[in-house]
Amino acid sequence: MNRFEPRIIAFLCNWCSYVAADAAGVARLTQLPNVRVIRVNCSGMVDPSYVMKAFADGADGVLIGGCHPGDCHYISGNIKTLRRSFLLKSLLRELGVEDGRFRLEWIAASEGPRYAKVVNEMVEEIRSLGPYVPPQRRSAKGAA
Amino acid sequence: MAKKKLAVFTATGCSACENSVLDVHFQISPVTPWADIAFWPYVTGSQWQDLDHVDRIDLCMFAGAVRTAADRKAALKLREKTRIMLAVGACSAFGGMPGLVNLAAVRDEGNSAGADEGIDPALPGTESRVSALSQIVDVDYVVPGCPPPKNLLWSAIQALLCPGECTSRISYAASRLPERISQCITSGILPPKGGTFAGEKAVCASCSRVKEEKKFRSAFRPYAIDPDPGRCLLEQGVLCQGIATREGCGGLCTAAGAPCRGCFGKAEAVYDPGAKMVSAVTSTFDSANADEIEAMSNEFVDLAGTLYRYTMAAQCALPVGPAKDENDAGDVL
Amino acid sequence: MMQATFFEPLRWREHPARVAVYNGGEELKVYYQVTAPRDLGAICKGRPVEELPRILTLLGPAHHIASAVTLDRLFNVEPPPPAVNMRQALLQTLVFSHHLRKLFFFLTSLEDPLADRHSAVRTLGPPRFLRHVFDEVMQCLSLAQEAAVILGGRAEHPLTAAAGGVSRYVKPQSYNRLAEIGDTCVIFAVKFAEFCGGTLLNASEAGEALNEVSPGPMSSMSMSDDADAAIVVSDRTGKEIDRFTPADVFDKVELFHEPWSYEPFACLKGKGRNVLAAADGDGLYFVGPLARLNRGLEPSTPKAEEERGRFIESLGPPPHFSLAAAYRALLVELIQSAEQMTVLYDQEKLTGPAVRTIPQAIGQQAGAAIESPQGLIVHRYRVDERGMVQELDILDTAAQNNALHCRIARRAVELSKYGNRTREETKKNIEASLLPF
């Protein structure tokens, strides 16, 4: 039986979330294998266009992981990300990308288990949403 | 030397693009010795049959988006005859405002065809979605704007239609054109294919308003504020799309007190105009508190219809709208 | 099956349209088909309402102003006097450019305007004197556009009219230029009217031919020029038969669809689709310069009044319904608009403490009407509590007067049939007949 396996792109901050992901892997915490990790120096680097591009190139979901507010290695990169996230989410929603497909999470280096939990939740949520296809490319019958 | 042949046509848009071409054509008469109008239904009353008597069109200025089967057929037919296809105006270049139709949730199949068989004439069908010219046929050059400013239209005509000896060639400054294009105009060779007759950077680069790196705590819809005439609109909390938009108009709207809505399409370095604006707008939020940020974000309405006002059909990375269906290539009566 | 002939694309039409002629049996059937949807609902619904003045320029520059006036009502604000004057100055400039362009189009098809075989601009080039006139027309047009840019920010798709006023003052440096342009336009308009009216429309054979073509007597619709800004319907004799507020226009005008056109057909309420077949034009109405002139209102400016005198001298007192009258009405209004431009292009009138009143609250629904160059236009919007457009009705009585267009096209085809014109001549008949209405 072919189960839909969502493809999720995770932009993870080198100083915290990436470490957490690594730790989760080393600790062999159960985490679903649907995530492609892209390590970034700071979550503040993840321009909204990266997120759009990920969706345009076939991702079913995008996760941005950054340091908790106050802990950003570059002082306020994560606040920049926070500022962008709401507007980006609204824009994505208007373009037909459901809310569950895009998430911003603060995950400290020590929070390996939380990372695994976030990922697993997201995979399940997106699995229930189904694959993301830009509306334009949906078949005429399936189009809204 | 044989005269060049010019065609001008508008698919679905308005008459402003053609009126602009008309104005340029008549105001600057040095072109006439070099070019003949071979096909221009709006002004000279050409019919489609007239095209059959022309071997080749040298320059076709195509305005308007592709909305109906008749538009598509026109685009294909003109492309077949044409050496240089120039998309004129936002509709033709990026789908323009008619492209917003793709955003509308309900697909309006309305009254396409279905006339009383054999008695009443049929109608050309509507396509399921609005397309830019480049989504239908190969486009060689673009002159953006809604409608394009005269100097840019004129520089396109000069570069693409007039040979080197035309007296008008160097008489018209095109200072905001990318260097390569202006060099081509002055030296009389064709600019590199795919070029845009407009600037490369963003509208902000030529906007007369001053940026002070100021932030705002609450956003304003344009009706709710009489902005300070000298200062950047975005920094006053008004959504202005200059930073995501290709320059070339010289900041026309911002000078007139109205925010830029992006009729020149995205600037060269921008991946997606909406994403660029999300980052530009939020960087001017004066808050680090999640609730406040959320509240400020919610003050911006109709993001898709605003940020892609002129570009929904062709420049949105996640294009919305119904899928293409097979009838789109349907024939016209 | 009957043989169909299509005339497509049509010259000078602002929206894609064609004429289909079925000529077989005893019946001649002529259809004026709008061949692409306007899609206004899809484009405008869901947009913030304050964006409409810019979006609706798609329909023509005057819709920019109509939309701003509707927003004033919706937001319940009074624009300050300089803003009202600036909008009015822009509107008059648009009238001037529009009429001049139409007359220019008309001239380019001269020799026999109803059936010239060589359009003047196309092949041979016009006779010398005409070429000279063309140059002057184009120069004057570009001046008028310069004025429109000064006032509206852009000539074809203006920007400055906004809810509660306009978005900026005229720059002090521009007043002298505006005054110059206004004066030049008046001088030109008078000279041009003399040329067109005297030489072309009056004396020539072409003028006689134009006198014979007419969609027939019918009602007309225009705006009253008094304070209550009502819409007035006059019957075929020019007598006022109805008067109502702009918002009520949608109850007075009926729109019906036919499967063979994308756009509805308009007629006076209760007349229905019979108007398409009716022999006498009952239920149809026309708008624009000739409708305004037929109401017998005197132009407020002296030179336009003189021109109207010449109109009456050569054609008799209004109402008139011929093509010649329609073109001459354009001349009267051309002069009138130029004269009003000079009045309104005045620093005193365009300056004041403010050019915008900032709205405090959003209403739910509003409508307004203005006289555009082509004729009456009415806008009506309904918005939600955030001011997002939910419904909009726009009646462009000229561009959407498709039932009248059908009738005019049929007249032109009939005329060609009797005259045994070629296909190309028939097409030109159709186009020249549609142009001034």
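Lettered A, B and C in written order, each chain numbered from 1.
Basically, a contact is a pair of C-beta atoms (placed from the backbone, for glycine too) under 8 Å apart; a residue touches a chain by one contact, two chains touch by 3 or more.
Computed from a predicted structure; not experimentally measured.
In terms of inter-chain touching, the protein chains here are arranged end to end in an open line. Distances from each chain's CA mean to the overall CA mean are smallest for chain B.
A count of C-beta contacts for the chain pairs B-C and A-B puts B-C on top. Here the CA centre of chain A is 55 Å from the CA centre of chain C. Between chain B and chain C the centroid-to-centroid distance comes to 26 Å (mean Cα coordinates, whole Å). Inter-chain centre distance (chain A to chain B, centres taken as mean C-alpha positions): 34 Å.
For chain B, the set of residues touching two or more other chains reads 302, 305. Residues 1, 4, 6-14, 16, 20, 22, 31, 33, 35-37, 39, 41-43, 45-51, 54-55, 57-61, 71, 75, 101, 105, 108-109, 119, 121-122, 134-135, 138-139, 141-142, 145, 152-154, 156-157, 159-160, 162-164, 166-168, 257-262, 354, 356, 358-359, 386-388, 427-428, 431 of chain C are the ones that touch chain B when the two sit in their complex. Contact residues on chain B toward chain C in their complex (touch as defined above): 11-16, 19-20, 23, 26-27, 29, 37, 41-48, 67-68, 70-71, 97-98, 100-101, 103-104, 108, 110-111, 114-116, 118, 120-124, 126, 146-147, 221-226, 229, 252-253, 255-258, 261, 301-302, 305-306, 309, 333. Per the touch definition, chain B reaches chain A in the complex via residues 102, 105, 107, 128-129, 270-272, 274-276, 278-279, 281-283, 285, 287-288, 290, 293-294, 297-298, 300, 302-305, 307, 316-326. Against chain B, the residues of chain A that register as touching in their complex are 47-49, 51-53, 55-56, 69, 76, 79-80, 82-84, 86-88, 90-92, 94-97, 134-140, 142-144.
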